[in-house]
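Remarks on the structure that follows.
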Amino acid sequence: MSQSAPDHDYPTVLAQIRTEIQPLLGQGRVASYIPELAKVRGDQFGMAVVTLDGEVCTCGDARVPFSIQSVSKLFALTLAYQCVGDALWQRVGREPSGNPFNSLVQLESEQGKPRNPFINAGALVVTDVLCTRFVNPETALVEFVRRLSGHATLQYDDRVARSEMATAERNRAMGHFMRSFGNLHNPVDEVIAAYCRHCAIRMDAVDLARAVAFLAHGGVNPWNGERVVSASTAKRLSALMLTCGTYDAAGDFAFRVGIPAKSGVGGGIVGHIPGQLGVCVWSPELEPSGNSLAGSYALERFTTLTGQSLF
Amino acid sequence: MSQSAPDHDYPTVLAQIRTEIQPLLGQGRVASYIPELAKVRGDQFGMAVVTLDGEVCTCGDARVPFSIQSVSKLFALTLAYQCVGDALWQRVGREPSGNPFNSLVQLESEQGKPRNPFINAGALVVTDVLCTRFVNPETALVEFVRRLSGHATLQYDDRVARSEMATAERNRAMGHFMRSFGNLHNPVDEVIAAYCRHCAIRMDAVDLARAVAFLAHGGVNPWNGERVVSASTAKRLSALMLTCGTYDAAGDFAFRVGIPAKSGVGGGIVGHIPGQLGVCVWSPELEPSGNSLAGSYALERFTTLTGQSLF
Amino acid sequence: MSQSAPDHDYPTVLAQIRTEIQPLLGQGRVASYIPELAKVRGDQFGMAVVTLDGEVCTCGDARVPFSIQSVSKLFALTLAYQCVGDALWQRVGREPSGNPFNSLVQLESEQGKPRNPFINAGALVVTDVLCTRFVNPETALVEFVRRLSGHATLQYDDRVARSEMATAERNRAMGHFMRSFGNLHNPVDEVIAAYCRHCAIRMDAVDLARAVAFLAHGGVNPWNGERVVSASTAKRLSALMLTCGTYDAAGDFAFRVGIPAKSGVGGGIVGHIPGQLGVCVWSPELEPSGNSLAGSYALERFTTLTGQSLF
Amino acid sequence: MSQSAPDHDYPTVLAQIRTEIQPLLGQGRVASYIPELAKVRGDQFGMAVVTLDGEVCTCGDARVPFSIQSVSKLFALTLAYQCVGDALWQRVGREPSGNPFNSLVQLESEQGKPRNPFINAGALVVTDVLCTRFVNPETALVEFVRRLSGHATLQYDDRVARSEMATAERNRAMGHFMRSFGNLHNPVDEVIAAYCRHCAIRMDAVDLARAVAFLAHGGVNPWNGERVVSASTAKRLSALMLTCGTYDAAGDFAFRVGIPAKSGVGGGIVGHIPGQLGVCVWSPELEPSGNSLAGSYALERFTTLTGQSLF
């Protein structure tokens, strides 16, 4: 509850966090399954807080662009929801998976309907919706994220996208598997290409903290006043982030951190505190579930030090 | 965020909800696996809101006692956490299961460590902790719930407990299975007996709304000022309720309702809004996941009509 | 043991079987997942026995060509084993799967190594071996089966192959999934094309009974004297047929019929009795596991009436 | 096929095998989950062949008694089949499991019906049948095995039985689990006690080779002329041994050895060649699937050196 802490000294908090996470650098592992990602220096750390009135506080490498990877699933979901609304939930569920993000097991027992839009299979269905709606789904998504962040030139990294396409066999397997159940409408190769491109969007922590702020702001983009989704949808997407946003560690993340968040294997984690702020932390080394090791801890410390969380 | 809605007219809200849920009565199914539970009339509905300053609003059958069943897992967890603290998490996880509440599958692949304390296997581990700590664990738990609710004479229903013990083969299976992994320390029969008794506690919606209020109040019992758990633990237990409290529908529940909650197959659901209130709804007919059908909808309407939720 | 029954009156036995299976026609379901297969008339039944000294006995539709489908897995395996020998077993196991023939679940827990060469995933690995060894793997296999059967003009049905390719999403999923584990070396599309073509080979029951006879004859083609595989390999392939040749009903089939066999969803089942004969039965209607309903029963009656089985 | 090898020089063959297996001693691991079993010296090896005309050939430790463990499942199944006939198959299947012998996973997805009588769950159902039919099921089974082997004083080892009962939590879990599905009729503790006792029967390799000979002899006990089961049933039980008798290595065992066999974690494996002989090998060190390491290899060499196998 935020009512008791009106004036958070974010610069001091971020500086303290940056000190506290130092011993964790070197303890995790940079994602290696995509060659281009494996080249990133592991000991980087940056964090950005953007309040709804526009204050920006940062520490460390908050202006170093990185590959947002699965964080893009949040933006893709929002855009797909704009396109088809609640019909989306006919094709993808809203339950935690209790399984690794790229498992095919549940897909088999649940007839090709992914558990939620934040596991790979679910994000492929979301991307399929975008492929049906847009001629260039990756361009549509890039433009959408530009508006959300106010950063008019951000782009996806084609080298990373190609690197990922070359190693996307398991995602292709999921795509064909869902097609066998009738739950993918566009050719698998097209969906995979769009998916790999939106995962390859490059942003820095400040951009991402700004881009997620519409969820803290009742669904309205605080930077241009546009309504992105209804207030009710903003709440619901936030609930989904809390229960499913950090892979098979979502329960633990909610327990320790207590805010809606979405992570990516590039080491980024975005989150927000309703009515208050957007936040992004980035550190490339991951814990075994695929979330940034130092990033998770930094967010845990942030909610503890500021006394802000949902609960 | 509740700051914009200081004066909720709860009596009007509850009256409206009671009207709205009428068409749902008869649409679900009363739990039948325990003979004693199957005898309950299905078309009952009651709801109670208790604010932290002690205001009590009710509608319908809010003063009809019912079998709290799995709602007791929340109280057992709190008491066990009082006993052993974070050591508890060595024996039970904090992740949604992505499986029915009584599945043994994950237990096998995860070496006898249940995914969370709100599935049956996890609650058996929690009960095992109580069996180690207390000579009469069910008495200890009953007294704990009496203090939380301020209702000094509540008790478990021995007939329901016996009925459940007679049909507890799957829970016994889980108990022996966990013992085979070394994760149950007391004899299975003792743990099952204590478990069935605390599931058989009888309370009404007002009692339960009062009993859960300590979580909304930073871990302090609002009725007698006792600290039950730390503020941090209260937040964390609430996070666990949100991600795991309503069986394999927790994601959907968070999405639609958006508050920490715990349900039971007796048809009760307790929840709370941090800093504001405890709430309990009861209606015996269940949806397929095991949550009260009318109860889930009533809570969804409650957060919508009052504009109160976590997000 | 056959020593006590030197003179089997096969014509009489086959005539009796044909009468006995009549009530089963109409009880099963013709495979419908490939449109071309769904067009076959379901009430057909043919059976052929070919003894090692060349006697041919038939009944019913034994000269009606049909799509051999998964029976081709036996020939593909034999040819792949000729190519790479025991190295094959590094890439595919020899255990019954305990799962439907097209499941991806085990593939995930066993790191992309299929349980055996008679489930789809295993046959794709076998086909991958052929794709590496032959420029036109389907032509190589067709020629191999021509030599085994002595039928010089048999061919695959391109319409069936195309029909299958158009609906092969689940097989494509398996292909990409195995590629993600490094267990498929050629492009998935090439492997799938070769696989669908060899499944689409058209043969009649007499051809197939002749083609399988090398296994009853110690690995030597009885019709031209060529050694196909060593005597030891012939025994081992036969053992594999017994334990894995009839999908997830292999245990039951061994129990009731007791001879090495391989079935296909086109309704064909080939089998043999070591030292004695090759046999093929065909009837398009399947039981739920995917084996010919009347065909399974016909073989059960055959081993009972002639007193011939392995055991 | 044995017709080409009328005079097998078994003493020479066994002597050669004994030499060949020496390098394997020390390569496996003695079963340690039951304390009493863990005490057995691992480097022992014995083998016995008993032909249907009564010739007995042995090598090594063929007269050292050992704990037959799961080999008893074969005798229990035969006795239970005598009691209830084909009705047994309503309660237990005949398919390989594709899973470790003590897995609970399949039991859940297949509604409490074990895949076959040779995995633990299936053997508990078989034992349940015996508990219903006999006041002292373990005594009935011991007497049954005495008649089969002609060894009138063999007995179970009570110390081993008690040791196993003390560590039978997983089997208890299965028992309660099956009771929850209605597929266990007697109290779990009674069934477990009977089960542990028949697993604890002590026999030597000669006794066991004699006891299995009825299956090679068309269902008739060759030592006293009693019919044990029909010829058809003998064939069918043999088929079940081949497909399911050696845990999750049954496919590989059939492939390499090619005879019906049943193994136990005490290190014994019994098998037979229809019309010819019973065989037993014993060596306590196991491979990872739970079969005797040297024993499996000895049987592989036996069928290769004598040219005898089913195929």
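Order of writing sets the chain letters: A, B, C and D. Residues in each chain are counted from 1.
Rule of thumb we're sticking to: contacts are C-beta pairs under 8 Å (C-beta built on N, C-alpha and C of every residue); 3 or more make two chains touch, one makes a residue touch a chain.
Chain labels with UniProt names: A, B, C, D = Glutaminase.
Note that this is a predicted model, so its numbers are computed, not measured.
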Subunit D reached from subunit A - shortest hop count over touching chains: 2
Centroid-based (C-alpha) most distant chain relative to subunit C: B
Comparison of A-C and A-B by number of C-beta pairs in contact, larger one: A-B
Separation of subunit B from subunit C, taking each centre as the mean of its C-alpha atoms, in whole Å: 55
Whole-Å gap between the CA centroids of subunit A and subunit B: 31
Centre-of-Cα separation between subunit C and subunit A, whole angstrom: 48
Residues of subunit D engaged with two or more neighbouring chains: none
Topology of the chain contact graph, where touching chains are joined (line, ring, star, complete, other): ring
Every chain pair meeting the contact rule: A-B, A-C, B-D, C-D
Complex contacts: residues of subunit C adjacent to subunit D: 1, 3, 93-99, 106, 115-116, 232, 234-236, 238-240, 242-244, 248-252, 254-256, 258, 260, 274-275, 304, 309-311
Complex interface listing, subunit B residues touching subunit D: 103-105, 107-108, 169-170, 172-177, 179-180, 188
